[in-house]
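Two complexes come next, and they have one chain in common, chain A, joined by chain B in the first and chain C in the second.
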Partner chain A sequence: MADKIHRIDAVEKVTGQTKFAADLHLPGQLTGRVLRCHQTHARIRSIDTSKACKVPGVVSIMLAGDLPAHTSWSTYPILSGEHVRYQGDAVALIAAESEQAAESALAKIKVEYEQLPSVLSIEEALQENAPVLHEGRTDNRVANSHWPVRQGNVAAGFAQSEVILEREYRTSHIEHAYIEPEAVLVTTDWDDSLIVFGSTQNPFNTRRAVAAAAGYPLSKVRVVQQAVGGSFGGKEESMGLLAGRAAILCLQTGRPVKMLYSREESIIESSKRHPFRLRYKVGAKRDGRIMALQAELVDEGGAYNFQAQFMNWRASVHAAGAYRIPNVKVDVYAVHTNRIFGGAMRGYSSPQIIFAQESLMDELAAELGMEPLALRQVNFLHENDTTITGQVLTAAVNAEKVTLRALELADYVRKRAEYQEQSSEASVERGIGFATSFRGCGLGAEAPDATGAIVSVQSDGSIIVRSSLTDMGQGLQTAHALLAAKELGVSPERIVCKSVDTTAVPEGGMTVASRGTFAGGKPLILAAGQIRETLFRVASRRLDCSPAELAAEDDWIFVIGKPERKLSFDEVVATAFWSGYPLSASGWFQPDPVEWDHAAGQGEAFPSYSYGCVVADVEVNKITGMATVRNLVSVHDVGQVIHLGAAAGQVYGGIAMGMGMALMEEVTFRQGLVSNPNFDKYLVPTAMDIPEVVCEFIESKDNSGAAGAKSLGEAALEAVAAAVANALAAAGFRSRVLPVLSESLLREVNGRR
Partner chain B sequence: MQQFVFLSPASLEEVCALLEKEGDTCKVVAGGTDIVPALRQDRLVGVTKLVDIRRRPELRGIKRTGQGLWIGAATTLSEIVTSREVQHNWVLLAEACRQIGSKQIRNLATIGGNVANASPAADSIPALLCLDAKVSLLSTRGQREIPLQTYLAEKEHAGKELVVGFILPEQPAGTLTKFVKVARRQAMAISRLSLAMSIHVQGNVIDFAHLVPGAMLPLAQRLEVVEKFLVGKELSPELSATAAKSACESVIAETGMRASFTYKIPVLEGLIKKALDELQEVVANHG
Partner chain C sequence: MAKKRLRLTVNGRLLDKEIEESIRLLDVLRDEMLLTGSKEGCGIGECGACTVILDGKAVNSCMVLALSADGGVVETVEGLGRRDKLHPIQAAFLDNHALQCGFCTPGMLMSAKALLDENPNPSEAEIKEAISGNLCRCTGYVQIVDAIKDAAGRSRGQRG
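And now, the complex of A and B:
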């Protein structure tokens, strides 16, 4: 099946033809802008818009008191009128005839603040006398963000252990760094309903935000997703707020309103990867058997949060890694601070957790005098083992298989021996290390993995596919086209995939959790299957056989075993259409009910798991402290590969993001305000920083995904930073804080002299 | 967004006349790669005219003259990197230019722009200083040639003069050079520090040494104290170590201890020491 076609959006994107939301224009449109508070924590004393209103070209200025309906969406304020909790909080909206007018009016709004004591770190948030940031709460813990796992008896497990290790690891705020900043254009339809064209990852959530802001029923808000220039989990909160604000301005002025974020605004307001403080305690026998693991994992939720409640569940399930550990106590919770909020970002807590937990495995191996591989081999999960949430794994468990293959491809054993013989006189220190991970596919017990799709065959044989899930650059439409084509026995070129329009497809949940193909392919196959059945019924009459005797392939419908008795797909479609048969079908994937014992953190967490291993070969320059990744090997069990190019693309992209997380990416703050809000100071790896990469897929059967495909998008990223950290440790630099910058490496080099 | 009048004069005389007449309200643009950052940092306040010189043929090209090598100010960094002439005899400059920005930037950015913008972190400047470059300047008062160091020192006070090109004197045969850039990533990165070095050895004795650190001083300059110390000495590991230490001391003496020096000073010391050690190896193998 792999690579019968190129990515279906490749040519238009490479040649610059794709229209993004910022490329849209409507006659009479206004420009919308947001005034932000640039305070970490303050009360608003007064807002004076009198001078700003007089700026020529200003059509409307709105404050919190002018909002037509809700003042917040989910937990995020659309406009703040009294209390601001981080620098991105919006206090006024402007609609103007031009950018210049809006810009000039922004500068003329006078806001007086009374500063309040701020909470700027996890530690400050947890202090006993810390100011409580949200009314109605007794402390700064994010509501409903605590997810425990209780398995066996940790006290007994530690008592049986011969070696006990306690470690703390930290990660930083990370920006998604999508190339296209948030953009939206809102207008009204003839019936006063709202139409929103936007760069959104989850159009149905954007619709919810707009409906809340406008006070409209969902049926009167139509969100039409535009081509998305990257999202990685990020175009969610900020897009909801942006679309909601544009909608209010549109209703207020009666004119279309377009709003675009500058890079600075995008970085200041869009969610970040949650920084974690990860405290682990692990106990093992001398032979390597892990007897107990205890973890307290705290993430910084920021000023508002509606992700930790879900993300921390995933963190709890994966907290012990792909290992069999009898006694486990895990607690994950988030805290509020006065900094930018955490949100979903590719991996959804796993990259942070795996960094700590796989570093811990290497540290434990060193403590036990074992090879990192040997320790893992004693503890790897296998078929019929029980996970820490009490789930018995019945399908193939390939943690060890992917690890051995990755190490072989990386020439790990030879290099590890060679690097251990390095001369201390050499100008670089080299190290090779790896990390193994497993990842629950789709939403699992976090939420129902339900979703929908509509397949519609036209009278000329061309086909329209509409999924409830979005292509945001990951190549989902290509995968969907291939799945529908296979089901109907036609060439994928016949298929046009449409982006999500909330009035055209059923609400099918969010495009998250690497479920676009895994879950999103299922209703599509069901819908295409219904149409195929109809076509077979029609064809069977003309071919004088029963529908069960028919097959479809390469645009032909034919009798199995007698391929000369055939009809072209087009002919059957035409006959069916003119005879009044339905050629449109809607599919819905209804997952099994979700059950979870919240107090003990026990249950069937996920129907299937992906397995991956990343091996990194690094060197540290002893003069500059610069760490360079020389080679990376990435091996994944993803079930069945649907499109090899798109799958490999996910791996390469994941490697770039993971390397950024390991070695350079970090949103920095000065007294709680972001000090690197653009890409001149917030550095991501360039193509020149990406090493030689070997990527391989191990295919496996018996999983629950569409056409046997498991999750990959996030799996491709999640173990990379951990592998780089373990490689650095093998070179002599164990770092428990990410990113590992040259300053800290050089300090360590010089400390040894 | 600030608005500008964009002018493309038909001759250098016209450019100079504009500079004379408009003074600080006009700014010369060649590749344009420093203009947008300047605009966004409000460094173009008061500028109303942009004068495009990129298409002026008199400002482009690389050619050997009686004085050495002439490089037009509007020559792109890519043209310098790929020039055989530069690669053969002034490889230090090619190396420095190769590490600026990215290929896309180097295809637009010009050597004149890199120098005239005079960022302390400009990569071409340490290399040019090492190579004893002269700057050719043109104004309504005529043409003059001054050492690059003088140009940098007087730049702020000088009247409106156009950088026309650079003259690099011939290098003694067998001169060994080195350019090292330290940045946070492999491309699109501003130098945290850099080192340009040009040394000639007779027998085992140094008879010529130029040494310029980049991104450490407000105004890049040769470390003459160290250069003088090196000349007449024999290469040895001890010499490398002493020279590296003295270079760092002279940088600190020049500008005081800055916060970033906690990182930069030991790195500079290491880079100089390694560069001199490597030189010794080259001499031992070939000499």
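And now, the complex of A and C:
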């Protein structure tokens, strides 16, 4: 656990020198802008650009018919020519000499629409006579988004149950709210290929979007990731669209094109956390043993979607939580509507699922007259238990261990007893509650966890590391530098980590699923290991020993047990270089193939699981309805911690985002149009909302991740909202809908008077 | 649009230029002076990524018309400290791992500096209040608050 070591990008960031995409300028660059339809569902009758074209400074205006190749990337329209399905759909592009010229031309484009009936909720999408939003489909279900799990026999399980509970929970659209809005600068190279500098989470996917828009082969599109000002899953669909549009304008005008989203555009066109309707039925014996669980989990995919297909698989695997349940029937599917599309957001369906499933555990405990902990202890998964997908867990299962530790740190038992004695006359109600979660690490059976890296030792002993995965602020480059340094036995200061350039590293999948360290560290260690072997071969000749007798540490290569027989790393590198040895190596991690039975939802879902528990201590002010989190404890088993400061940063950040989801955040709509597209109305937690926080890691061995690390980034967030909701319930305010706003709490208080 | 003369001292350098009346202080810094450390995150003064110090006070430079700051003294993150001689607040941010993506960091640093210039010994509540106009989506603020406390201690130590 390195803690004294600074993030490798920190000095640049605190001195304002880090270049984000919006900070780049090229001579002759034009400003690109998008005209959006601001309709929920309509046909385009006509578009008149004649007046807009005459605005001084306008260089080009493009409509769908002018695009060189395709009008869509995946299911997303780059430009719509006939049919628009939500307010962010783009109908025209403008390239202009200045922001003012572009702005003025935008206002002069006249579009006539014929409005079509809209679908604005999950319920409306599922109605029998609902308009079908996508051609070639018979209903509004998102293609390939249905993931079932079938285990045992739920009818028999419910028949054996003595208590049966049915509940419905809801969550809302949530905005990623990265502070940097999307930005891109596109130019051409001397060979007529495109160069894209952008704030992208997944440069290879951005490349795919640009190639589709331009009709170019992938080899002729070079995407260079700039520093990314936060992403959390969000700089994906919107970045592909933005980069594709800028590329078309660049090719059309022959000039570099820069496009920046305003905050409003970012909120209108970037994906959101999918809202879910979660219907659960659970059956248990009087002693707490859960006999059966049935769930129908429906998420709103919005106008277009290429994430629900994957996200819902994760939802199905985790639908029953970290519990041993013999009879399970789960169905997860998504529907299209005419609202902003859902996408990946930190947690990838888990925060929504855990909110419902951990609320359900507390509600079941109350129904059984049991303590929430006691009910969980009867049902927690342990080593050698089988999950609902039929996977036998052989590594350490620490659901109970993290829970007991978190409750101890939170002084849960004492506080719970104390709060139960509160006077109903007091002006505040306090409650303490918790949620436990487990999280499959990496992509698992969703997609191959394969990825690559290149390590190059330079002739002076300095080292360049290039991963196929990206740093978007989480600190991946720092973790990678530490892993490479350890493998080579050198100080991390020697290492420079480059951001992804699609012409410099192999396409190694997306930086998602909290796999940057877990999977991304593996090819790096392999590549560094190859170079270390080369250096040991060279050193062994000079030290007159066999390579197997050598070790590397603290910038020295030495004979094990005889540290005085040593050579400096620099010296060995120089000898190797001038003797023609390869000092650059590429590594690739190829995971074992996984089998998944789609019809029954059975298989080895993930190679490892992280475990976490969050305890929240809340207070509801009965005069204002305001809920305040007073203390929050977050304990995680993430295998081996690579950098304590960075790991703690993930936990703290997850806490803030989870509290936002619980108490404040919700994209609101007026007739299908977003009514809070900036931070004056879409509120996220500030420093003043952050409670007293305790974070602790429990380390565990036998994990499948790089250097024993398991996933953390998403695990840090996923149980927070559920814990806050359970704490509010303990204070007397059970809400089955997130966020729990002070308005609804106040209504509840007043209703009781 | 009418242009008027703007004289501004930014990080000790004098800018003297005719600019349009509608130009914001943030645009002058980023586009005219190429000081891109100050960021635009919302354009309405809510996120604080554009925070600079104008005549001793932290302001959202996206909400200040440049000409209204005529004759003023501006400090931006670029003037805070160099990479070989970091300001104590910058050093404390490094030591406390008080940044992730780094987009809010310049504004956060300037709010912290304005606070410590005025109040060298702030309480935790005062620190939180001083940065409550600076949104950060990555860190959950905990290590940022720790860093500002740490920086306050270091500055007091230097003086003492």
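The working rule: the second predicted complex is superposed on the first by the 751 of 753 C-alpha atoms of A that agree within 3 Å, B and C clash if a C-alpha of one lies under 4 Å from a C-alpha of the other, contacts with A are read in each partner's own complex, and residues count from 1 in each chain.
Quick note on the criterion: a residue touches a chain if its C-beta (ideal position, glycine included) is under 8 Å from a C-beta of that chain, and two chains touch if they have at least 3 such contacts.
These numbers were taken from a predicted model, which means no experiment stands behind them.
When the two complexes are overlaid on their common chain A, residue A:Lys13 makes contact with chain C while staying clear of chain B.
When both complexes are overlaid on chain A, the residue A:Asp680 reaches chain B and chain C alike.
Look at A:Met688: by the touch rule set out above, it reaches both chain B and chain C.
Of the two partner chains placed by superposition, A:Arg289 touches none, neither chain B nor chain C. Partner contacting the larger number of chain A residues, of chain B and chain C: C. Once the two complexes are overlaid on the shared chain, A:Met626 sits against chain B while remaining clear of chain C. By the touch criterion defined above, A:Leu746 lies against chain B but remains apart from chain C after alignment on the C-alpha atoms of chain A. By the touch criterion stated above, A:Ala646 is placed in contact with chain C alone, chain B being left untouched.
Residue overlap on chain A between its contacts with chain B in one complex and with chain C in the other: 680, 685-688. Touching chain A in their complex are the following residues of chain C: 30, 34-44, 46-47, 49, 76-78, 80-83, 86, 90, 93-97, 99-106, 109, 127-129, 131-145.
The touching residues of chain A, counted against chain C in their complex, run 6-7, 9-20, 22-23, 25, 176-181, 227-230, 232, 262-263, 472-475, 645-646, 648-649, 651-657, 678-680, 684-688, 690, 693.
Across the complex, chain B meets chain A through its residues 1, 37, 102, 182, 184-189, 262-263, 266-267, 270-271, 274. In the complex of the two chains, the chain A residues touching chain B come out as 99-100, 427, 622-626, 664, 680, 683, 685-689, 741-743, 746, 750.
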